[in-house]
Each structure stands twice: as structure tokens, then as C-alpha cells.
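Below is one structure. I have some questions about it.
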Amino acid sequence: MGENLLEVQDLKLYFKVKAGKVRAVDGVSFTIKPGEKLGVVGESGCGKSVTALSIMRLIPQPPGEYAGGSVLFEDQDLLDVPESAMRKIRGGQIGMIFQDPMTCLNPTMTVGKQIGEGLRIHLKLSGDQALKRAIALLEQVGIPDAATRVNSYPHQFSGGMRQRVMIAIALACNPKLLIADEPTTALDVTVQAQILELINGVCSEFGTAVMLITHDLGVVAGMTDRVVVMYAGKVVETAPTGELFANPRHPYTLGLLASVPRLDEKRHSELRTIEGAPPDLLSPPPGCPFMPRCAFARAICRTMPPLELVAGNSSHLKACWVNVTDPNEQAYADRRRKARLEATQVAISTSADVTLQQTS
Amino acid sequence: MDISERLNVPSTGEEIEPFLEVTPQLVQQRRSQGRIIFDRFIRNRAAIVGAIFLILLFLFCFVGPLVTTHNQPDQIHVTDVAQTLAGPSWQFPFGTDDTGRDMMARAMAGGQVSLLIALISMFMAVIVGVSIGAFAGFYGGIIDTLLMRFTDVILSVPLYLLLFVLSASFTDGSPKSVILLISFFGWQYAARLVRGEFLSLREREYVLAARTIGAKGFRIMFRHILPNAAGPIIVNATLLIGVNIILESVMSYFGFGIKPPNSSWGTLVSDGQGFFDVDPLLLMVPALLIFFTVLSVNLVGDGLRDALDPYMTER
Amino acid sequence: MAETLVGSKTLLDIRDLKMYFPLTRGIVLQRVIGYVRAVDGISFTIEQGQTLGLVGESGSGKTTIGRTIVRLYKPTEGQIIFDNQDLAQMGGEHLREIRRRVQMVFQDPFASLNPRFTIGSLIAEPMHIYNIGSSSEIREKTSELLSVVGLRPEYINRYPHEFSGGQRQRIAVARALSINPEFIVLDEPVSALDVSVRAQVLNLLQRLQNQFNLTYLFVSHDLSVVRHVADRIAVMYLGRIVELADRDELYAAPKHPYTQALLSSIPIPDPQIEKRRHRIILSGDLPSSINIPSGCRFHTRCPMAQQICREVDPIFERKEGREHYAACHFSEEVRPV
């Protein structure tokens, strides 16, 4: 305790819908140390954004519903503090940037006013002071001619520039933690590089911890100290960045790494795929959520594996019963992949025949 | 503490059969779009009340005369002058009018005319409006400009004034002529609405996709775009029924619409007006029927608007 | 441009294609106050059975090219020669006949499938339009197509909203295939999909290309995906192609600073490599295609820009290497990443 800035423990957030409960976040635990850069990786619908929003208590209730767990920020449980205190923490202690900057900026206010707003509320600065600080912040996030641009409206900025403004707003009050939810997904590659560089530089300078949420393993590799891999509302693997990429231990992480074409590798004729699609969180499969798509799956996978340390490593956790580095297990997985491929061919041709007979 | 070590590698567990699905089973049969819309409509209480009232009203006007004895609106039942303008009784639940006719029968018969006029002129207006709006929105350019300016011109004429002037010279007091007149003034909003929908929908990717597979104009307009614009059109059509009922009543009230021997709720209001201090029921019955019908139609329209919301989630 | 190689046939030949969209003002009397020069003089060829990757950022005009080739737009100028016929100014029945052979798959499978159609009727629609076969034959072909793209034929009466993104994109591919096209424009076919599903669709597209001898134009913003699927790659910037080369050569020896910058800004999922990499970070954003910069269009963001770049528009010309073209005054100085 105490050494962690943020400690999320067994967080559960469900959405109530007509047909039941969507287990969007289902027992997520991770920690962030002061100044640490944590990457949270997963596909859409894996619960990574909902995790971030539920840390900030920004999920509307209903339909959202906290079903357990705690979020300790500097040893204070954010799920317990009153809304007024939470408002001070948001923007004051924890800054947040989103995927689409345009929806987060007020189109009728100049960017200077929007940056200054937080400063006036949280740091009790006067209008003049706030404006000066806003100009300084805009300069810091690389907006040329900041003194005049401070009076511009959001629509007068390009996408990349808006994201810079959002970063300035998020960092205005010197927060201890910056949550960046897919900050570059809406941007072009060349602009993405600019923004990532900026977040990295500014946060290192201020000593701000970062929680970077993304679906892009490449972004995580260059920016973070540690990575959390999420699947179907659960954490399946977490490790220091170098360790995770060099030595992935969960079949899902393995699959993700293998299924992305990479610039630095020789081109393969076929990409290794993860077959199927993520489960419906309304009725997730019992046990490990990845089991239906997993080549390594065994009967034991019908019970959910705990998130435990990998043997011989004090900082690498995985939620998987199988040791994927074991050659026997790999042979078993290969056998199942092949069997599946053959069975698929048969299934396709017979089901096509059956349907034809039914229809004709 | 690797779990596989504890379990003594390599026997992680018993082997299981390879996963066979080509694609994962669709988890559940999702509700169809129609079902979602129906479910959402059902949950809107006000709309349900309106819908039930409308159904009862239709039964009253169209089935009522067949199953009750109140089916002779023009028959003078009471000849004794002292007995005319009677209040409600078992024989005449809505009383009798100044010439001794059965008000219930007259309300039913008038309702038939009013509702039929409203419905038929709604259909005609929607058909004309959708066609004009669809062509304008889909083809754009000069076609759009011409059609829409024409629409604007008609919209900018004071409606009631022109309606009265035209009805004085063009209608003969029959329902058919009133229908024609009302529908002529009803299609403009539908046309504008449909044009707007078509303008935005024609840039959708699925419409572009239909073009790349070689679909021709009519196919794209009526198979691809129109079904997706159906929601707003249905809402507009529903609300138009209410507007038409009022329009018809106003025309008939001022003597420009339905004329004897035909009668409608509008003419009943007009007839009953003179006897308001003697027998308020004569005025109140048709007036309340109009009021509740229009209210119900609007409630149903609002309910449909919410249920047909294109940004619907599956809630 | 590219000479026809022995034994291969040029299927598509784009010559000096321009697509300008007028900007108008006024309601009744519309005046043209300027043009968006989305595609501004582009030439390339695609051989039969090949894949040309078209790479660029948003606003570079890559999607407009794809849409112009399938003639969703009528080009302002230039020729689109498909199998020796010019599509550019074609219309009516003639165009419809050609369209049968040129199909398109769109970026967003959530938007490109009409929600009111069942997937069976979506896939069958092209066959109905072109009157191919009786309705039982069409039904037969539809279920066959479903299994070809890896979906269960029982799904024929389901609606698109019941499927996931990857499955919907398979449906879109099946639909494009239903009238046996020779050429398919793939407009960012995987960028709306999840990472773990992308590989499935990419593999499917490659398998189909081999099976049916298809020719692809693969439009994408993602250089690593394009590298995986394309034989030749064209890099676009602000309505022009700035570099065109064979796949491996483009990655190994880029001849345009923009290509170089693009390559260097793609993150690689390996922390060791990421730490060592030298990034070329471009300043600023893409200029507007209404006011295109003078001289070389890239000079406002180019780290190598000189005086000549501001004044003289470089010619798109052949450079060192096999069929390697680029538009840069200083292409010899561009270093591989």
C-alpha cells in the first residue's frame, strides 16, 4: 500500500438491459505507480474504456451499476467519496482525454476559456492568471502562435490540434494521473506520432502517471512501462512492456501479436488468425472467456483461471491454466488448429448441401 | 507458482474436441427490428391509451351502426316538438337534436365521413408528397430546385383563405371533393420531409453500394432508400390524420366543406352551435369526439416517433 | 506508365485522372466559388491478378479514386481504361455492363449493408439485377457464397444487425463476388474491424484472389496492412501520387520523404525496436485541398524542403530501381528507415 498511485481491485461494472446484465467490466485489478505509464490493450467491447470511465465515475447509473470492487486513488476509495469531492478529483487530480476531441470541446467557448475553466475552479486562479497559464500550456503542447490562438474556437483547429488542446486542458491543473482513452485512433498516422510524442514528453516532464487505453499493440510498445491485456471484461495478462512482448504467456496475447502484419518482419503469405469473435457479454461462456476461440483449451478451462504470477517472474501475471511455452501444449494446440481447419471444410460443404436440399 | 507447474506439466487437463464452428453461433436470435419497434411502442403508456381510443372510435363509427339500432341518422324519431332536444336516455344515449333525430346515430355517421375524409386525404397527400420529395431529394439539382420552390409557393399561401375560396367554387359539398381539396394542401410537409431524408440517405454507404452493383434509380429510391425513411413518413402521416380532421371540421363548420344531405363532425358542431344554451350536448358530443380523436392521433404519432427513432439501441 | 510485363495483361489503366468537387454558394442561382481538388492528375496501371495498394492519410483523395473508378463519381478529366474500354465518360447500359465486372467493398460494414434486407437478399440482389439464373439457382449460389466466405448458409434469412463486424464484412465480400467480377476496389476493408478479426478478413481476401484470379485495388491508411496484401504500392498525398513502386522496394528504399515519414511513424509492436527507432515526425497537418500549396505540395511539412520545392512542382518520374516512380526534387537523398 501507499506506493501505488491508483489501485483498482476486482472492479465490476455491469449494465442493466432488458435481456439481463452486460458484464462490461468483470473483476478487473491493476495498479499504477506515480509517474508510471500503463497501457491497457484490448479489442472494442473488451471493457477497457468502461474501466476508465468507471474509475472516473462517469458511467451514468442506471443503466450502469457498480457490482463490487474498489478504486483506491492515493489510498482513498473513489467509489465512496461524495460527488462534490469527485468533481475536484476529476480534472484536478486525474485528467482525461478522449478519442474524439471535437465532442469533448464546447464549440461555443474559446479554447482559452475552456483551459482556464479548470484552473479557476481547481486552482482558484483569477481570469488574467488563468489566461496566462492557458497560453503557456498551449505553447507547451506545441500550438504555434499560442497568444492569438487562445482566443480561437475549437472548429478553427484541425483534428490533431484539437487533441493538443484536449491534452492542455487535461494537464492544466497538474494532475497526478492522465487517462488517455484511444487518444490517437481518430487521427492520421503522421499526426498520431506527433501526439504520442507529446503525451510522452509532457508527462515525463511533469511526472504525471499515464493510463493509455488503445487497441494498437504498436502504440503501447513504444510508450508504456507496463501493459494490461483485457479480454471480455477481464484482465488476462499483465507484465512489464518488454517482458510482455518478448514472452507473452496468454494465448490471446500470443494470437494478437501474431495476427498483426508487422513492418519489421518478413511478409508471410497468410496471417495467423484468432478465429471467431469475442463473446457476447450478456451471456459469457462459463469459465475462461477466451476458451471458445483458444487452440490451447482444455477441459479445465471451463472453470475461470485466476490471475496469477507466471513461474519465475515476479511481475508477470496471467489468467490461464495452460503453460503456452510447453512444447507438448504447443503440439496439442497445433493439432487442434489443424483438426479445426479440416472439420471446418467438412462443415462448410455438408451444411451447404443440407441448406440446398431444404431450399430446393 | 505457475498453475501449470502445480498441476504437473504437461497434463494441464484432459484434451477436448477441436472447436468446430466456422463462425461462432449467433449468440441468440436477436429481436427483429419490427419487434424492437413494437416493444418500445408498447412501453409508451400515453401512446397505448391513444391507440386504444382510436380502435374503440373506429368500432363505434363503423361497427356501431351495424350492431346497434342507432343506424338511421336522418330518421326523425320524435315528432313531438316538446320532446326534441332531449337529453340522454336509454333510447337515445346522446339525446336528440332539434328535429328529433338520434344524435348517437348522427355522431356515428358523421364520424364515418370525418374519419374517411381524414384517412383518404392523408393517403393521397402522403403518396404525392413522398413521390415529389423522393424525386427532388434523389435527383437533386434543377429537379430539386423546381419541385421544392413549387412546394414553398403553395406553403406560403394562407391556407384557410385559399381553402375557402377554392371550396366555394370547386366543391359540391360531397366527401370526394373535400378529400381532393384537403389532400392538395397536405402533401407539402411530407414532400419536404422525404426530400430531406433522401438527401441524407442517398449518400449512405449502402446506397453507394447499391449503385456499384448496378441498381437503377427506381430500385435505389424505392427498395433501398424508402424503407429506411419509413419511420418519419409514418409519424408524419399519423399526425396528418389529426390535421385533416380539424381541417375538415373547420371547413364544414363554416359551410365550405360537407353540405347536407351529407354530414360530418364539423357540420354537427355547426348545427349544434345554435342550441348551445338549450342543449349543450348537441355541440359537445361532436366537439369532444374531434378533440379526443386528434389528441389520440397525436399521442400515437409521438409514440411512433420514439419507437421508430433510427438511433435506437436494443433497449 | 508502367510497361506491361511479358505474360501479364494490364487490366486497369488510369490516365491523368482528375476529380474536382465544385464549392457552390447561393440557393437559387448557384455560383461556383472554388473547387476541392480531391484527385488532381493521377496515373497508374494494375495488371491482371495483381493488388495495388493505395496508401494515404485522410483527405489525400484515396477514397475518391476508388469511388471514381467504380464510377460513383463522374471524373472531371482523364481516362479510366478498364480492359481497353474507357469508363470515364461512359453512361447508361454500357456502364452497367462494365459495372458487373468492377465491384467495390466499403470501409464500414455497419453502414454498407442495408439494415432492411436479409443477408440472403443482399447477396442475391446483384444477381437479380443482372438476371443471372432462376430464383432457385440464385438461392443455391447465395448459400454457396456464404460458405465460400466462411459463414453458415443457415444464416441466409438473418438481418445484418445480428452479425459482428467481421461477419458483416464477409457478407459484403460475398455480395461483391456474386456477379463474378474481375476487379474489386477494397476501400479500407479492415480498418473498421477489430484487430483479432482483421487477419481473418485479410486471409479471406487473399484466398479469394487466388481462387477467382481477382485483381484488387486495396485502399488503406495502414502501411503495414498494405504491405501484407499488395504487390505494388502507390502513396498519395493531397490528391497526387507521390511515389509508386513494388512493395518490397518501397519499404526498403523509399524515394519520397513523405513515404519515409509514413514508414517511420507506424508503431511496431516490439518495445526493443521502438526504443532504437529514429522517428521522423512531420510538423503540422495536411493542407486543405481547396488551397493547395504552390510548388511541391508536401513542402509545408517536408523536413528536406528547399527553395526550389516552394516554387517548382516536381515531376512524377522514374527513379532508380525497378519501375520505381516518385515526385521529389531530392529523391536520391531520401534514406531508408
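Per-chain numbering from 1; labels A, B and C assigned in written order.
The rule is short, and it goes like this: contacts are C-beta pairs under 8 Å (C-beta built on N, C-alpha and C of every residue); 3 or more make two chains touch, one makes a residue touch a chain.
Worth saying up front: this structure is predicted, and the values here are computed from it rather than measured.
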Pair of chains joined by the greatest number of C-beta pairs in contact: A-C
Chain at maximum distance from chain C, centres defined as averaged CA atoms: B
Cα-centroid distance, chain A relative to chain B, in whole angstrom: 48
Length of the line joining the C-alpha centres of chain A and chain C, rounded to whole Å: 30
Interface hub residues of chain C, defined as touching at least two other chains: 147, 150, 152, 167
Set of chain B residues in contact with two or more other chains: 22-23
Touching two or more other chains - residues of chain A: 275, 277, 344, 348, 351
Chain C - residues contacting chain B, complex: 28, 67, 70, 72, 96, 99-100, 102-104, 106-108, 111-116, 125-126, 129-130, 147, 150-152, 155, 158-159, 161-163, 167, 172, 175-176, 179
Complex interface listing, chain B residues touching chain C: 22-23, 26, 29-30, 32-33, 145, 149, 204-206, 208-216, 219, 224, 227-228
Chain A residues touching chain C - in the complex, by the definition given at the top: 43-44, 158-161, 188-194, 196-197, 215-222, 241-242, 245-246, 255-257, 259-264, 267, 269-275, 277-278, 344, 348-349, 351-352, 354-356, 359-360
In the complex with chain A, residue positions of chain C that touch it: 57-58, 136, 139-140, 143-144, 146-147, 150, 152-154, 156, 164, 166-167, 194-200, 202-203, 206, 221-225, 227-228, 247, 251, 261-275, 277, 279, 281-283, 285-286
